[in-house]
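Chain lettering (A, B, C, D and E) follows the sequence in which the chains are written, and residue indices restart at 1 in each chain.
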Amino acid sequence: MGKEAELSTNEKEFILASLREGIRLDNREKLDFRSLQILLGPDYGHSEVRLGDTKVLAKVSCEVTRPHLDRPSEGILILNTEISPMAFPGLDMGRPSEEEIIISRTLEKAIKRNHAIDLEGLCIIREKKVWTIRVDIHFLDNDGNILDAASIATISALAHFRRPEITITGEDTITIHSAEQLNPVPLVVHHIPICVTFAFFEISENKDLWVVDPNWQEEKICQGDMTIVINDHKEICVLSKAGGVPLSMETIIYCSKIATSKVEIIIDDIRKALEIANDKNSNKNNNNSNKMDKGKRVNRD
Amino acid sequence: MSSSLISPSELDYIIRGVDDNLRADGRGRLDYREVILETGLIFQANGSARCRLSKGTDVLVGVKVEIGSIEIDGTDEEVAAVKAKRGRVVCNVECSPIASQQFAGRGADDINNELTQLVDRVLNGPQGGLNLEKLCIIPGEECWVVYIDALVLDYGGNILDLIFMTIRAALYNTRVPKTVIEEDKEVEISDDVEEWERIEGWELVPISITLNKIGTRHIVDATVLEELATKAKLSVMVNKNGKICGIQKIGGGSIEHGLLNEMMQTGRSIGQNLILNLDKMLQKEDEINAERAKNDKIGFFAAA
Amino acid sequence: MADRRRIQGPEVSVAPIILKSPNKIQLLDENLCRRNGRNLEDIRSIYLKTGLISQANGSAFIELSKTKIVCGVYGPRQTKIPAFSGKGNLNCEIKFAPFSCPKRRPPYRDSQEKELSQLIYEALTPSIRLDLLPKSTIDIYITILENDGTASCLAAAITCASVAVADAGIEMLDLVPACSASYINGQIFMDSDLIEEKRESGSLVLSYMPSLKEITHILQSGEVELNLTSQAIEQCTDSCSKIYSIMIDSLLLPIQNMK
Amino acid sequence: MSRHEPIGPQGLRQDGRRADQLRNINCKPSVLSQSDGSSYIEQGYTKCLAAVYGPRETRQKAQILHNKALITVEISLAPFSMSERKKRKKFDKRLLEIASAVKQTFEPIIMTNLFPRSQIDIFLQILQYDGGMTQICINAATLALIDAGIPMLEYVCACSAGIVEDTTILDLNNSEESLGIPELTVALLPQSQKVTLLQLETRLHVDKLESVTAMAIKGAKEVYKKLDKTSRDYIGDLLQKSNPT
Amino acid sequence: MEFRSVRTVLPGDLVSVEASDIILGPGLMQNEESIICTKAGVLMKKENSWFIDSDQKRYIPATGENVVGRIIGKVGEVYRVDIGSAHQALLPFLAFENATKKNRPALNIGDLVYARISLANRDIDPEIQCTNLDNKADGFGELKKGFMLKCSLRYCRRLFSLKTQIMESLDKKLTQKGIEIEVAIGLNGRIWFCTEKVKHAIVFYNALKEAETMSDAELLEILFSLKTQIMESLDKKLTQKGIEIEVAIGLNGRIWFCTEKVKHAIVFYNALKEAETMSDAELLEMFKNLDRKF
């Protein structure tokens, strides 16, 4: 980070003073999320999430590939996080920054390691053909807490995505049907993991100072953060408090409860957005259903 | 880097000391530091060894044998025919930043590459000693690949010599599992832990003796400070039979013709003696290991 | 990490297998004469010319039948981040052209090239008066256009680079000719080519400053008796003296032309 | 690959430990010659060396912090440390993530404000790996920092715990880790009883968080006892040698 | 005479000028006979002076402009200050009022200063000083506490030119209410302000932030945003008397209000009407005394 992006002493002290009085710059309470907007579509698997001024876009695509040798009957899920100087001014383009590693590792752990998406169902022909689902996550604007926004964008894009239907025609040949021919198939989503990030400031004996969903100024001055990933079954998928201010166990447990209730609200928002998007698509599909095209024949070894 | 500098007075002290055959730690010009050798420390590896020079350099080597395919070079029929019947050795030397702060970040890249290439050249050529043909499983298709990874854990001068000594000990310690070739050319590795063999030819693996030209004389087994005072370094690789298995000048500086011959002679005689000593230590290690196996083996660093 | 800026060749390239009956190559005929008519102790004829690269401060080109090497020297220039030391820096970079070997070489520097760069650096530093050039850097870039035996290539590269440094007018103690030899069946083959190199049991590369009688670099591999090594060293120093006169001629030529 | 039951009928784990038993810990401070502080620690078959350099001049000018010391952490994995030989890239994401966690764990503990414009480097070398990467890195770094005499507010001790069929188990080894059971790593400040690091990577119901953490904290306290004794003995020896009574 | 806007221009647009003796400001370039725009923005004109007012965010230093800077380093006898321009500005230790070799200013890295650009040249690092031309502090110097808003340069310029009109009256009004607000507008896109209570500063911060994208009615705008505070104090007094009043001020020239008793509403209505022609000070005075009227 360049020196330009740093905050002055005045700003740091002001923000701390206001937090001590329980006020945040954007008039939020300490447990408030910023306004969340999830825009899905018009294409399958296209999701744009706005959390206040933080904007993240996720786009899902798929193709038929060979499976990994060690997992011949599983599809492949690739999460690709694109960090660009667009949202991170002063980014060192050489090696991956610490920030980028944390974001991509947390998403990998939340979604891949915890099997949020069913991969076995993506196998077409064992050892030969599987679906590779690729999620490209672009960070458009960073006003803090880009990780939570990214997790919402990724999982909602995956839940919205539909892959083309296929039929196996021979030993090694398959036909991929276009959307007009056969309705595309949604992915099987086992659970919906959502990140909730807390930022901790000074922690003293009598008063803990911390907030949910920090904006970039709060992120800059916080003394430590903690990300809890919880899914719709109230399971903690990832908990990551990598150093920073030491906390008492009670605080951590309390935070996990807060996170659970936040996740419920966010998942409701995602479900609503999915409903709206699906309604639109079903209208579109009705119009198209009369057209019948010949499916594309794919012939690969 | 401030650590790579030596003051003129230190330099003068060392040069005069070498002239008088008396070095800072009390050794003569051609005295080696005490070598402490341990084997069989890493259970994930097929063979391992650790060598230390008292209060100085510390090298850990792990050897892993894995089944790989034989690489065929199609340009020269005659050469390809020989290579098709051989296993492979892959060497890698890494200087850990633990050993010295100059190895932090990318600081070790150059020295890692230099040492890796040197070790690889010596062990992969005909002078390497190992019987590579014995490592072949199915000619032209599959063979054992011997991965030798050396890790420099502490830096007190004279790393190269110690790396070779440790590699030799680790190869001695290496157990290659027995294989059975089934009808469909599937290679089956024996499950029985007791069914193993040593790599043939380990005793002919050369070691290196590095001679440092300081002033007009030369010394062996230099410390960090002495290395900084060195004008030119000559490493002579010697095997048990007293054959020269490689010579390489390292670093800047030049060597007079007459001195070169003298240095080669010294290198050879010191090397042969050292190998004899090392072989004795290896035999002793076997006994110690057998003893240790009865008890629960505890950490090598903690015990040291 | 692959280099994205250029169009990549295939990741693995395999030389075509030439369908030819594996006839055994005879390295020596009954008169102890080698395939190309040389005797055991003969080196190949050398073509050496300076000043081919107009933009470089000094340059040289060397050709030993199939082996062809160009070298450019730039500097002395100011060192960008000078570490404290009273001496100048020497920066050597050697690169095999992608088409120089039987197998295609990747366009980025591999570990062998890095090591050769290091060896050339070690061979040349004793000859250059770096103590006169504090806070400065000399860059030596060597490109091997055609490789006919790696050991002889290394020797030729050292010779070529030394002439190029002299051509750049940088102060030196002496020129550094270098020569290689192969040990095949207990015999010493001077200046061996690729086919001989593939059959060798060991090799020696020696660089030598003839006026000072000092060896600037030595690299031997293979299992060899000590006295055979000593003999090879003698032969190499002799050959180096021959190469030395060729180097001097190549440097004198442009000066004589000036007159 | 056959999957054995993680806990046998007698309530013993595959390696013969009880559910709440740590692996054997052996450790020793001051094992290397070149560094300002170093340590060696092994927990079961996981072995780690740590070296600390500093506080010293910051190497890159752009990184200088004007009011405190910069801490860097680098973890390397020996090529033969895992059952499969793999040459890891220097910038492996997993290692970088752990390095970042170790760094942030020590940032509030080390009194960095005493050394403005300087740098403290922590290097960790895993010689052999059998589970528990984060915890061993933290424990090794603590010992090495103490050996280097760097002022710290407190010790940090780390331990992991997992849950298998409703039984919480302590200090998982590699074969237990590969079962995919929830594993939680805690770094504890034993004096103030606060947690600086808490990491969980696999699904665990919210209600169970407390019990698993409690187990990990219990383990961390035992680790503390061991580390504390080792360094007290070591320092005691040193002092006795220099002040013979 | 004020600058007035002529039209919106884009880079490459030609400007036709009749007069021969003209002054070209930022964004305009002479190319032989014609004048070319090099920035997108609004072409502004005053007599023979022309420039383009653009919505730039990166500051380009110009001599005499006031800036808010952040200290990022000390080198020798100068501070290095980040003023948002391409290069760091230099602030000599002696460029403060009453500063001598022995009496140095005590600024730390991260502190904010309000300063004037004393030297701006594209080939030299800009220099700033914390005194006016008469070597007096005149409001320049270290900015203690407070908070800073980063906004576009144009917005800063607008606020700066309206400073005398709004800010001062604002200042007065709030002072009467017991709220003191200090404001420093830097032309480099930074506005610093400080109030005693954090809460008030946040109200001001958000009001300023919102007003950035609005039209020239910012005066009303800022008044509007401060409504909360005004209403708050009104509320307090009236509530004590058991009178509740709800007011909604529309920017379209309409004010809605509601009280429990009609009588009170009428009093309020008349008071407001009377106050329309009053000065700001009187207005506030009136509000203050409103309770008495009830």
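The working rule: a residue touches a chain if its C-beta (ideal position, glycine included) is under 8 Å from a C-beta of that chain, and two chains touch if they have at least 3 such contacts.
Chain by chain, the UniProt names read as follows: A = Exosome complex component RRP45; B = Ribosomal RNA-processing protein 42; D = Ribosomal RNA-processing protein 41; E = Ribosomal RNA-processing protein 40.
As the structure is a computational prediction, the values presented were derived from the model and not from experiment.
Counting hops only between chains that touch, chain C reaches chain D in a minimum of 2.
In terms of Cα centroid distance from the overall Cα mean, chain D ranks first. Centroid to centroid, with C-alpha atoms defining each point, chain A and chain E lie 40 Å apart. One simple way to say how far apart two chains are is to compare their mean CA positions; for chain A and chain B this gives 50 Å. Mean C-alpha position of chain B lies 28 Å from that of chain C. Measuring from the averaged C-alpha position of chain A to that of chain C gives a distance of 56 Å. Touching chain D in their complex are the following residues of chain B: 42-45, 48, 55-56, 58, 60, 62-64, 66, 92, 94, 96-101, 104-105, 147, 149, 151, 153-156, 296, 298-299, 301-304. Only residues 95-96, 98, 101-102, 104-105, 109, 113-114, 223-224, 226, 230-231, 233-249, 252-253, 256-257, 260 of chain A touch chain D when the two sit together in their complex. If you check the complex, the residues on chain D that touch chain B are 24, 26-28, 31-35, 38, 40-42, 45, 47, 49-51, 53, 56, 74, 76, 78-83, 85, 87, 121, 123-125, 127-129. Those residues of chain E whose C-beta lies close enough to touch chain A in the complex are 70, 72, 82, 84, 108, 110-112, 143-148, 192, 198-199, 201-202, 205-206. By the touch criterion given at the top, residues 1, 5, 73-79, 81, 110, 113-114, 116-118, 121-122, 125-127, 232, 234, 239, 242-257, 260-261, 264-265, 268 of chain B touch chain C in their complex.
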